[in-house]
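Structures are listed in the sections that come next.
Both complexes below contain subunit A, partnered by subunit B and then by subunit C.
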Partner chain A sequence: MKSKANIGGAHPLFYPVLVAACLAVLTPVLWMVSTSLKNKTELFSDPPLLWPESPSLAAYRSVFTDYPFADYFTNSLIVVLTATAISLVFSTLAGYGLSRFKFSGRGAFLAFLLLSQMFPSVMLVIPYFKIMKTAGLLDSRLGLIVTYISFTIPFCTWMMYGYFKSIPRSLDEAASIDGCGPARTFFEVILPLALPGMVATAVYAFITGWNEYLFALILTNSESQKTLPVGIGQLIGQYKVEWNELMAASIYSTIPLMLFFLFLQRYLISSLTAGAVKD
Partner chain B sequence: MKTAAKPRSPAAIARSRAGATFVSPAMLVMLLLVVYPLAYGIYISFFNTNLLNRWEFVGLTYYAQSLSDPGFLKSLVITVVYAILVIGGHLIVGVTLAVMLASNVKGNVLFRAVLILPWLFPEVVVAMIFRLIFDPIFGILNFGLGAIGLIDSQVAWLDSPTWAFVAVVGAAIWKGYPLVMLLALAGLQSIPRDRYEAAALDGAGRFQQFRYVSLPGLTQILGVAVILEFVWWFKHFTIVWLMTKGGPVDATNVVSIDIYRTAFQSFDFGRAAAMAVIVLFICILFAAIYRKTVPDDEI
Partner chain C sequence: MATATLNGISKIYDNGFQAVNELNLDLEDGEFLVLVGPSGCGKSTALRMIAGLEEISSGELRVGDRLVNDLAPKDRDVAMVFQNYALYPQMTVGQNIGFPLKLRGIGKADREKQVRHAAGILELMEQLDKKPGQLSGGQRQRVAMGRAIVRQPSLFLMDEPLSNLDAKLRVQMRADIASIQKDLGVTTFYVTHDQVEAMTMGHRVAVIKDGVLQQVAAPEALYARPENVFVAAFIGSPSMNLCEGMLLRNEHGFQLQLGDQHLGVPDSVFDNRSVLAERLEEPLVVGFRPEHLEDAALIPQHPEDRRFETTVAVREALGAETLIHFALSAPPVNSGDPDALDELGGGKTSRCTARFGAATRARVGERIQVALDTEHLHFFDPKTHLVI
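Right, the complex of A and B next:
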């Protein structure tokens, strides 16, 4: 066990600073919740009501009845989950290969993985627009899935590579002495140990995809194919904004991320820093 | 007995083959989905094209034009300033909070749960929340400032070039500091406690302990964070686009928005592609720094 760092005890001044920081976080969040519960008259009350007098869930219903919100939500789920699953399979295999074997092109591949973090997404969106158009995948979920895989695979491979490095090689060697080939060693010995890393990697891929806006904005057109970020982004019209509906939609789209984090935060934080912090 | 310069045992060859087998699926996908589009994007940058029927080769014209275009250069400057302010904000807020959370402060778990929240909001949602906050009529900012008497009229924050820039920086700091906070917290917790005890024995006060024990323990992890963050925020699009569309005038016209406009509003695809390649080179410059920051055994 590592001992926990402790810069002396807590200084009394820490409390006001932490409370102020929490207020800075919670005020916008509560303002969002409060706005989502207002009805039309309360929205326009001057001065603004801090909390609606008769909180109503009307906006939470009307985003589904007045807008194709269910489509946006389904599209986001399908696109992001599929891209995440595919990326996870490829990146787990690649991460293991990179962490355990020497082969020609390994160094170049690792360098490219890092480099791929540097590409501005606007740089890829122009060729992707043309490629998808030619392939007939413009305005389709399949097109988005392919695009999302392109930016989740490099990142996921890098994360899995880091995670596999933290699993002692002696386990591979022991399996090998027991007569396991590389495939059996991987599937029966190492893969079960890598599950926490895979969970964390999947969550990161999910968060990245769930956040993605630019590609979906450019590659989709019809309401039936748009994702949640694009759908929410266009709720903010030129002339009028239904703030209560906009905030209700925002809360809906945040729920999956909150749930993921709630259940998986243990894996997330430890994997985030695996390899980055030396013991 | 003389052997070849690099003798390879059958076992080594088999292992090399196994490694290639594990990696090749991902490598193929990346060739197809990353390398090819990238090369195609560079190709487009040499053409005056609408991506349909007009493909007129112009060589490096667009590079020359972009690099001498005051509008583009200004957007690069805006982006650099934006990225530096956002990352500076993340570091100050993130490290300060991490140091406090790493102490035995009461209510630690609760503070941590609240302070991590912004990270869990999608970028689109963050942009929307902050548009609502800065809204002249519905915003809580005008209400709050009015209530304490700092302003007496409704200020349209996002219509003012200066305040709009402050607002998009603020929203990005709010959204992104938790990641730095988590990284710094993990870094602090990996510093052995006896170093603090040794420093305390040598008479180091709280600030000196932070300066001479905590900070050196954090440099590696924060070094990596800074470079990655720079690349992320340098190419950031979503929050700025949804809050200001790059305006008012061009006050928040970060380079991603400039490129987006050139490509998908002016349909000047070749020129936009050239601008994107220039941005890529700037990011690669930072990639080089990143490679130096990450110790060799990471590669």
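Right, the complex of A and C next:
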């Protein structure tokens, strides 16, 4: 109620600032769309065209016909969705355990999870390469999945730990007195309330994996195992850059992200626990 | 419905802090026992040990004749109402109340019947399909009650259930809870820091301080015969006036010396207190309740030698009565209540409160005569703080 009233009587600079911010964010996107619709001559015309005179979808077709783009796409989806699902399951369970049970070494474990996030990934590439080679997982989707979850689980666990801590413990206690064992308390009472936290965590894991370039580049080799970022990167050649195809491919790659967000954003609300306890 | 027995229950935390010390309590079948004490006295810990939310460090806890020390909360057959309600926000009111029944595998039709019955008692019929977030504080409180009563447990546990309600609602819910408990006849263990709740709701009241039980008695007995200084000061609002004094005997009979005042004392104060006669001319802790002080101008028949003169410091007109605060030139006594205000005046004067009739004309800054009803004095040992 309050926020609605605030928007109604907004500060005079409220909308101008919003519009400016939207322009700053959307201009590159517009340029991306416009470039993807240009033909080869329009790409390099001087002065540059804001919008092509004869927009063409040729680039959108050629990324699939001239390159194994469908494979990249499938690989990315399989790797990232699997890694996200696994991260979510483990970080949710770990976060709940860490937030609710006291055991020796808990603080040290949490610190260790955070510490693991402090290494620059470039430093880890060689060790990961050696490990994957030893494990026979080089140039495979499974290798990438293992790599990605090793990055996302620690941070996702922290996210879920924080979220579970915001759910009042007295709900666990009420459930245990009402007749729930530990598992039922978790699945029937606490987990439904953790949904917004799980969505935020899933979004984080998905974006992290979807945009990952370095490890995908190093750990895969054959066209059939490469992911989208690597595939798009290959469009930047040594002698020429197919800007229209590059932009078309980039636009394709943002579509799953947008769908993922659209589907999950309705769960990204903070008021699920409203009315549980007196604040 | 059952009895409950706490036999030497203690709680010692890992860091060595002893929250509850050898607590012994017997709850009779159908009894409403209130455990009251200042904040941090261990009363909630005691309740949580009965619920099974805290481990019992030592002692025996029985519900009925079952030893339940090591049972999980769900196997103890107790229901609990939390201070912050702890409602399941994703469930409707009906589902919240029915949840304990669902967990016991009771069929949907039966469940609905019992939920409606409980909702009827608590006047929640209209709210059954709403979520807790849509309810007012008082309604949420009643849903929490509903979730407890629908189970028909052996024992109700209530952890300051009214402390989050506003004053008016609290008075109403106080009466409602007491009458529901009476109708259902379920043994109830109720924890509060509010001595008014304790006095108005409990069949018996147990006063606890620093994890140690001080006194268990019916409210009237607790008020009339507190066993130590802490109970005397804690029970009653405004609290009992306490200061150091001395009993003397001279040609006029027995005298009470409070600072520089000497007041006549009837022989009846020694009735049932034979030890007191042996402690003449020794320092004692003297207590007298505000209602045993009166504006002398309102009761001219009050004996002259049972009055003293003082200056009005604060006047609070409450309508039916007027509270007068004044300083008495006698050393103050620390009752040990951490919530009480520190005494002012460098240890020489005590802050006292008198409950005068509304007709009093005493004004701030005036010198007035105060009549003390010396028949209703309390005496305590200054060292042990125990009643004499």
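Just so it is clear, the second predicted complex is superposed on the first by the 235 of 279 C-alpha atoms of A that agree within 3 Å, B and C clash if a C-alpha of one lies under 4 Å from a C-alpha of the other, contacts with A are read in each partner's own complex, and residues count from 1 in each chain.
We adopt the following convention: a contact is a pair of C-beta atoms (placed from the backbone, for glycine too) under 8 Å apart; a residue touches a chain by one contact, two chains touch by 3 or more.
Everything numeric here is computed off the predicted structure, so don't read it as measured data.
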| item | value |
| --- | --- |
| Partner chain(s) touched by A:Leu246 [first = subunit B, second = subunit C, both, neither] | first |
| Between subunit B and subunit C, more extensive residue contact with subunit A | B |
| Partner chain in contact with A:Glu173 - subunit B first, subunit C second, else both or neither | second |
| Touched partner set for A:Phe119, first subunit B, second subunit C, both or neither | first |
| Touching partner for A:Val189 - first (subunit B), second (subunit C), both, neither | second |
| Subunit B versus subunit C as contact partner of A:Leu77, first or second or both or neither | neither |
| Contact residues of subunit A, present in both the subunit B and the subunit C interface | 272-273, 275-278 |
| Residue ranges of subunit B touching subunit A (in the complex, touch as defined) | 15-23, 25-27, 29-30, 33-34, 37-38, 40-41, 44, 51, 93, 96-97, 99-107, 111, 114-118, 120-125, 127-133, 135, 137-140, 143, 146-147, 174, 182-183, 186-194, 196, 200, 206, 209-210, 213-214, 220-221, 224, 228, 231, 234-235, 237-238, 241-242, 255-256, 259-260, 263-264, 269, 272-273, 276-277, 279-280, 283-284, 286-287, 290-291, 294, 298-299 |
| Contact footprint of subunit B on subunit A as seen in their complex | 2-11, 14-15, 17-18, 21-22, 24-29, 31-32, 35, 43-44, 46-48, 90-91, 93-94, 96-98, 100-107, 109-112, 114-131, 133, 146-147, 149-150, 153-154, 157, 182-183, 186, 210-211, 213-214, 218, 228-229, 232-233, 236, 243, 246-247, 250, 253-254, 257-258, 261, 269, 272-273, 275-279 |
| In the complex with subunit A, residue positions of subunit C that touch it | 51-53, 72-74, 78-80, 82-90, 99-100, 103-104, 131-135, 137, 140, 147, 151, 164 |
| Residues of subunit A defined as touching subunit C within the complex | 168, 170-171, 173-181, 184, 189, 192-193, 271-278 |
